[in-house]
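Consider the two complexes below, in which subunit A is the common component and subunit B and subunit C are the respective partners.
Take a look at the complex of A and B:
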């Protein structure tokens, strides 16, 4: 809304004029502080990262001038094998965690919406993992996976399987990280799905049941289509988070063994703080920002769709 | 349609399996924090042992863990206050002025929360170094607010949207200005929302690790970084790690147990109605 020519107020009448000036006052006093605040604290660092990405900068040697290197950093990032590998690893991990979280989460939601004694408590307990600091999640899973000592292999041995080199082999490390993330975030899908299930009207289900459809049929053809918009929103939120995953990997494997768990965040971390190549790290950051913007845009679309679906 | 006895049994069996899978790690944190060191990895696991508070004693005496708790509290409360102030005001404007611009701004604010932290950690480091506030709680308060303001905006927007505007109009007819109406009418009516937003901001700040690791040293170190440091010393201090972990998970657990119905709204950014 442009607050342009004053003459238009006369046409719209005094009530509208009051409304417009009130809105403008609200905008200035209420919205502006947060916008300025966020602009300074987020856009400025990002612009700085953009500036850095065209330069050669070693944080360990702060007095060496930051030389302009053109698009060399981007060229290196986009053509280098390690970055491509990190990107593939990120999406591999995302696919592993999201698929299991979706199936398990929806299953658990169907379980906890049953109206039975004790269910409310069980449901509450299952929400706890989400509120635990990811570092703590990493540490407790490290305790479970720990080579030689960890209890997970002990229990696997009890059931009669060979011990698994969880975090020490390139074959298993990514799976080990996926399990920790699945443990923490499956309750998120469960919680969102359960809330959506309970807001669905009951009649279509009863009608479908009376028509003699099996429980599975009702779920697949009546429940699932209605849940779809919400599930898509939840999955995008998980995807955005999965793209940023850092803490759990930092604790469990630090990207190893042999880069097998080096996701984008760890790649940026290593370039910046192990090799002290801030310019390359910043260029990789910018490439990852582009990807996350795409994910965020898709989430916003799905969110508007799921909100309008729930408003019906 | 009430479930038959057999269905009930099946539900409870499945529930028991799920609970066991999801609660074991939490059980391990609590039990291991009380286990004497020799029993830590005993085979078979020692379900019965003489509990000891030695790890908690070590936690607070061998390391200044209470100072790190203090740092975490200062950062968490500081960022919460900061974010509530800016976020609530912005949420009110976005809720009351509905046009294309405020809608755009709302999504821009939300997207700020979703950017990968690692991408901005270097610029923050350099900027804070220049300003001379590296390794102070202020640095973390600023950084966490960039995540907490968007969260507050989206949570509070929902609460303001649900408030009938007629209540505010009545106050305005009585001659109160925009600010007075907001302060005396709107805010008291949306107090539950403020409480929820505050708790979310607090827990996010309390749990955060990456920025705390990069932007603090010995002076402003927070609890998450401190617990991680028990791991990097030459021998892994599992007892102390678990004792510290237990201390860190207390606020989150209290939150889940007391106001779980707000979790849906807060964690899905309003895309699922709780």
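Take a look at the complex of A and C:
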């Protein structure tokens, strides 16, 4: 060990190598539990699902030979009309929820950053839906939507309208699911947008005001362009989550009536745990994983383009 | 081999008990059993008194109760486990094929024969034992026996104004329907809007002619469709090929009939599960409703059904047929089975529990307490005092002389789910015709079955007579 310039000490030679080696061992020691947990809960199940996706594996019918079937399960999924119907329903639901969540979330963010009395409490209350488990959210909305006894129809009846078959009609069921999802996840967009708004530099806003622009012009031409990267990030995070939506639908409609709310995750569930065709369910999971990966790739490309444009 | 071991266990237990060779006088002291059960009458009656069984035998029984939707999923997972948590499994009779072919349930034939006198084997309605067989082996023991029948508001049927108005409109007397056309007329006649009169009183809410299950969840709609389909003369499988045959003319007629009933059902018909639909009759909000007798027992219990509390009178009738001529009654059984992977000691204790929980003594006690179970014992169903107390007992007894069991195929769950979705789509108007819906469903079922040989498929649809009754 030698004393260096000033008050710092530099370790050299075998002592340094020993120290580095010791640090690595400590790092491995601390990382090991996380790696083991990751392997047990994510990597191994994923590898096992990959193995299953190439096999004819029916959990309820062990008399069916559990043999290697090549890509037959993938071929079945990719040529399955119910799978594509579920895919279309998933994208429909994503379009309904994300568009409303974006508009409402930004609007609420603009409101909650105002320095008005009670805003701190309002911010906290508005975040509550996001903190509730989706199963509980489903149950809460089940009570609200319940055909004969639900609160929503009770209030609708009070103002003289006919009850709405929220979750028992093919026309309304997907909208009912979207409303519950919007209620739960709009605060997420609000929270992210509010944080971004508060971190924007003040100068462009002052300049725009001095130039005599209206508040709408300032929002459209100054605020929104600066928020764009954040909004794209928030939307893509929500899109990935919305693509996987399961709990709320399972509690409210289980994919029905007819197949009006059967999304990808419900399709996978039915294949795996109703028909017990674990191989087909696993193949459908991997196909949906590929779709999510494509979405993520598009997201990052979009982010890069946005950043390049801003840099120019 | 398994039976030999069970016999040896039983002999050992008997020896210890009779000779007092050990200080412990409870044969299953220290044994713990868990039951995967349903939260319905076949279990809810016995669950609160399991401590009595522990007092008698020393075996501690814990019953976990779950709703019907999803219960089979838990049972399949349990059956596929090499170290099962549950030794006792609640079994709905259509599951017997799937669980039987998978080897998930212990064959109770030898035990039932051994203890024939104790369990009152001759007292059990034969079809209820047959319902629990797979390839002739008895895989579960009835805890509740069911028929598909019609419950109706007798007070409305006997109201002179209603009876006269019905005769004026339809040209025949108002009485429980013998044909499906009559059933439709009755449903139409009694469908009334809030503010209209019903039996001389102004309605403060809508009243529905009928309440049937149209939900796709856990194939609920198929539970209503299959009995109607059978009553129209339709069957499940082609006897030559063992493939799905549920797309023929009787099947289409049955589906079209169900669709024709929609205007007389509650507006949430597409979401009506069993419990929701029976709720309408239990609250007295519908005129007629066909259902499993397992929930009929609730209609006489004020603690379970408002209709009993309100003092309204319910009538019970056999399910109609297409032409009014009797057809084999559509039956079902809710039963207790033993996990084939339980230990020998657990199996013997589980069998002791089944004997106790389904005994004539306990069934009679429930009936006398006012909490009857949809019965499978002739001695209880034919008891005049109990028949007076539970008018549907007579119907349960008489209709099972000519009866035929439900679907019992190893691919039952697939058929139930596939037909559930396709029929639900047809009822919702998403599929144009019944023929299209049924042929789509049949094609999907056949795509699973066609990989098996004809011999295998024919074996699966062969209802081999119960060995416990015939050998």
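Heads up, the rule we're going with is that the second predicted complex is superposed on the first by the 247 of 312 C-alpha atoms of A that agree within 3 Å, B and C clash if a C-alpha of one lies under 4 Å from a C-alpha of the other, contacts with A are read in each partner's own complex, and residues count from 1 in each chain.
The rule is simple: contacts are C-beta pairs under 8 Å (C-beta built on N, C-alpha and C of every residue); 3 or more make two chains touch, one makes a residue touch a chain.
Predicted model only: the values in this text are computed from it and were never measured.
Asker: Examine A:233 and indicate which partner it touches, taking first as subunit B and second as subunit C; both and neither are also allowed.
Answerer: In the superposition, A:233 contacts subunit B only.
Asker: Quick check for you: in the superposed arrangement, does A:274 touch first (subunit B), second (subunit C), both or neither?
Answerer: Only subunit C; A:274 stays clear of subunit B.
Asker: Which partner does A:259 contact after superposing on A: first (subunit B), second (subunit C), both, neither?
Answerer: second
Asker: Just to be sure I read the superposition right, which of the two partners does A:290 touch: subunit B = first, subunit C = second, or both, or neither?
Answerer: After superposition on chain A, A:290 lies in contact with neither partner.
Asker: I want to verify the contact counts: of subunit B and subunit C, which reaches more residues of subunit A?
Answerer: B
Asker: Quick check on the superposed pair: does A:139 touch subunit B, subunit C, both, or neither? Answer first, second, both or neither.
Answerer: Once the two structures are laid over each other on A, A:139 reaches subunit B alone.
Asker: Using the superposition on chain A described above, determine whether A:159 touches subunit B (first), subunit C (second), both, or neither.
Answerer: neither
Asker: Look at A:168 in the shared chain and tell me whether it touches subunit B only, subunit C only, both, or neither; answer first, second, both or neither.
Answerer: Second partner only, subunit C.
Asker: A:216 contacts which: subunit B (first), subunit C (second), both, neither?
Answerer: Neither partner.
Asker: Need the overlap of the two footprints on subunit A, from subunit B and from subunit C, as residue ranges.
Answerer: Subunit A residues touching both partners: 59.
Asker: Give every residue of subunit A touching subunit B within the complex, in rising order.
Answerer: Checking each residue of subunit A against subunit B gives 1, 22-23, 25-27, 29-31, 33-35, 37-38, 41-42, 44-46, 48-49, 52, 59, 108, 111-112, 114, 116, 119, 122-137, 139-144, 146, 149-151, 154, 183, 186-188, 191-192, 195-196, 199, 206, 209, 230, 233-234, 237, 240, 243-244, 246-247, 250-251, 264-265, 268-269, 272, 278, 281-282, 285-286, 288-289, 292-293, 295-296, 299-300, 302-303, 306-307, 310.
Asker: Touching subunit A in the complex: which residues of subunit C?
Answerer: Its residues touching subunit A are 69, 73, 76-77, 79-80, 98, 101-103, 215-217, 266-272, 410-411, 413-414, 417, 421, 424-425, 428-430.
Asker: What residues on subunit B touch subunit A, complex-wise?
Answerer: Going by the criterion above, the answer is residues 1, 3, 8, 11-12, 14-15, 18-19, 21-23, 25-26, 28-29, 32, 41, 43-45, 86-87, 89-90, 92-94, 96-97, 99, 101-102, 105, 107, 109-112, 114-127, 142-143, 145-146, 149-150, 153, 178-179, 182, 203, 206-210, 224, 227-228, 231, 238, 241-242, 245, 248-249, 252-253, 255-257, 260, 263-264, 267-274.
Asker: In the complex of these two chains, what residues of subunit A are touching subunit C?
Answerer: 59-63, 147-148, 163, 165, 167-170, 253-260, 270, 273-276
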